[in-house]
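Structure incoming, see below.
By written order: A, B and C. Residues from 1 in each chain.
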């Protein structure tokens, strides 16, 4: 829905913003209707039935069950329509699409640190192309922040020690506000930035212009070696004394306590910081904790590396450190897959 | 405003009747209802902590079991027994007040207070043990930082979360101990008035509602004991 | 005009609760609920004034997009302290502790509240909490926002969080004790003949409010206490650095703080029910529906706290359940609004100041309630939460709702409280100014909010300036409007016209005793033989016929 001609509505620049606006208009319409109805009736009664003599006593009216039923049921039906509509959009948005590009966001007092999966880093700026689905994986280094892009009608809290995600698909090139919407201390109102939406070709140019940086997966791989993870989990995550990591992400994991869970960001993070909390079935709890040794950003890099590991190709014996999908990423990751061989550094 | 009173019933002249009540029956009803309402607020008050406990116990089962196993279940059980006994003597005190047996009432109240003090002494011993074992969470005692060295950590238990258990332990039992201290204080006042013959078959509401409070504080402990001391014991031997 | 029977004798009326005793001690140690109400009135007015000053600084700072008047640290403290003082020390005690304290016993025909000493104690507790909080604000200032979210409050902000938390913890007990007193009083001390369905709706709404107070307040008390200790010992259950979950704090906080909104607005609804019925000389339309909707709001109000956490990493399904329940809680409020409107039908409506405030309340509460639906609707809430849309919405409820009810009630019962009439012309004028100023202040904020302006911003992008200038202009009108009653009410205590026992000619019990009333309210215990708002004998009651169809069409 194109809404820019309507006053008092922010720029609409994502695939959901039109849907949110439509619901907003519905709600506004109902609000204006009922406010006018009630004030109208109120003013009409107040004038029509004003006290004409100080002694008049009007006849009492007991009330009416029928009317009470009507004005309980009709508002309830209207409210339920709002609920269903709002919940439907929310529910759809809560499921990130499978093929989305991932961008990592770390909030800290008082800036946004952003890294593309191809390695480009930005501070308080986020470049994204139109027409591609982008999934933000967000965490905080200190207190709670909130990543809010009004033009996309999306917002989500960014918490320390947790990963939250939200996704969008930009539709319209331009420069939009990025706000921190959860109060985070002294310079909260300075924790702002811009989202720069570009045409895909322009965006690809921008990417290649900034391609010198290391992708998080590659940085994660270096950490994987320097922290000594390789000695148990294998250089390419093929496993050893520790469980195999290749292909781990998104898979079911069986634990020593007979529980099963799906490996996600939170699980990998927990296993790095408190390895013995959830030990994989068949392994002994020998891994030391890395709590305090890795920053939230480095954690993201390690997770990103683990995500990139795919089950080893039996012929070559080396796995390729490719982050999932998308042409640009694969292209940008050409150097990454070369450094993917252990010992190359 | 004495002329405003209309003595509708003979109880209106009872010395314990407050000026704004019509009769003793109304005063008793108000007192009892007031105490019940107060106990509801107490449930909500402890409820916040029980929620936090449940949440983290589920989240960090190993750490909570390790820390819990280090508590002395013997002392906890002793205290449970002490409190159940004190509830019994409290009930007898209320009964004696209703029956007008002043001597019995005084003895039972004294026993209740004594048992309450016993509980607090045992609690103090436990707290001291924790202090000696460096298990006071956080930086409350600068010279004695938290150190879980004395706690046998089960696999997967992190020291951080053990500290959190002790934080919750001290918050819950500490809050309960404060309630016990208030209870002992209230009973002492009741005992003083009982000794002066204030309570009898006609008027004994303060004894009754103090009894309600006392039983409530006991019941809180009945929940605290298994949750804090007993859950997760089996892991000690299994692991 | 119908003369309603009074329970006083002319000679005795000369001794009232104000002149029964003299001296500071007779006030500070009083157990008379009416005197305690006045103590509360004085202290909450003081806090309201301080909170208003903070609001003035906020609006001045936001006149320009740059943060140029105050430093960002100061600004953060100013909005935090505005929130803490206005919510915990003005709005929550406002109607219950003043009008409620004064009128609950009188309206049910009792001599006092059930526990007069506890009532006095609650005032001292309130003062102690207030003094500690003021200390925290003066000594260093708290900059966490009134919401005290962890881990900002436990780890990053300054240590005055401890004192402020302690102040709120302590003042919470004053609220608990007031609620407890009301519940027991309403249950056990009604005059003969005053059965539950003869109670004025003011009493029903106070009963519902008290339920929220006793069930909710202990939870915030323990939560801020744990928070203060966590700040003190640097270990605890909310900071993720020690394995805690900051979202747990948000759950516990909103479990109280959402129902707390109903602590503010339910008593106000009670006042408005009184005003609408009495100033149109009609019994309230659908008495039982209005009465039970108060209880429904109190109960449902406890089930919707999660709608504050739609963007705070709460699970999607929890979000949907809380959204559903939040829509459900709107229905009892709607029922009230419709019943008030229907009460006016074929009434005899006067335009006295209290009635103007009541009419203003209905309009503003409708806007406040309807915009609440935006926040219950998940997808829209994601966009508007933590923006000025929220700020506008809750000010419509708290100022347009709670404050309008409070001012209406204060004017309505002023003759009873002070024994003097307030100047009617000034009263109407101030009602009008406040209404205009209020709307000008907060309507633009809805727009700024949907456009994306986040709340708690010290500096903001220039495109939002126009809304902020409108808002600040409105705030100056609102502030001026609020000063007028402060002045003339104080003036009237000495120079106002003496009030009769029943200046509005109403049937309620509180109007059947002298103004000001004697110490025990009634010289003889009243026996109630009439229904609530019984202006005309019951046999005249009309069974609605034509009216029913008319409204159905509307």
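To be clear about the criterion, a residue touches a chain if its C-beta (ideal position, glycine included) is under 8 Å from a C-beta of that chain, and two chains touch if they have at least 3 such contacts.
These figures come from a predicted structure and were not determined experimentally.
Looking at B-C and A-C, the interface holding more C-beta pairs in contact is that of A-C.
Of all the chains, the one whose CA centre sits at the greatest distance from that of chain A is B.
When each chain is reduced to the mean of its CA atoms, the one lying nearest the mean of all protein CA atoms is C. Remark: chain A and chain B have CA centroids separated by 46 Å (rounded to whole angstrom).
The distance from the centre of chain A to the centre of chain C, each centre being the mean of the chain's C-alpha atoms, comes to 38 Å.
Residue positions 60, 158 of chain B each touch two or more of the other chains. Chain B contributes residues 60, 62, 155-158 to its touches with chain A in the complex. By the touch criterion given at the top, residues 274, 276-279, 285, 289, 291 of chain A touch chain B in their complex.
The touching residues of chain C, when paired with chain B in their complex, are 12, 20, 110-116, 176, 180-181, 183-185, 187-189, 214-219, 221-223, 226, 229, 232-237, 242-245, 248, 252, 518-520, 522-525. On the chain C side of its complex with chain A, the touching residues are 1-2, 67, 72-73, 76, 143-145, 147, 149, 151-152, 155-157, 240-241, 246-247, 280-283, 285-289, 310-313, 316, 319-320, 323-324, 327-328, 330-331, 334-335, 337-339, 341-342, 344-351, 359, 362-363, 366-367, 370-371, 373-374, 376-383, 385-387, 447, 450-452, 454-461, 534-536, 538, 540-544, 547-548, 551-552, 554.
Chain B meets chain C in the complex at residues 1, 3-4, 6, 18-22, 26, 29-30, 33-34, 37-38, 40-42, 44-49, 51-52, 55-56, 59-60, 137-140, 146, 158, 160-161, 163-164, 167-168, 171, 175.
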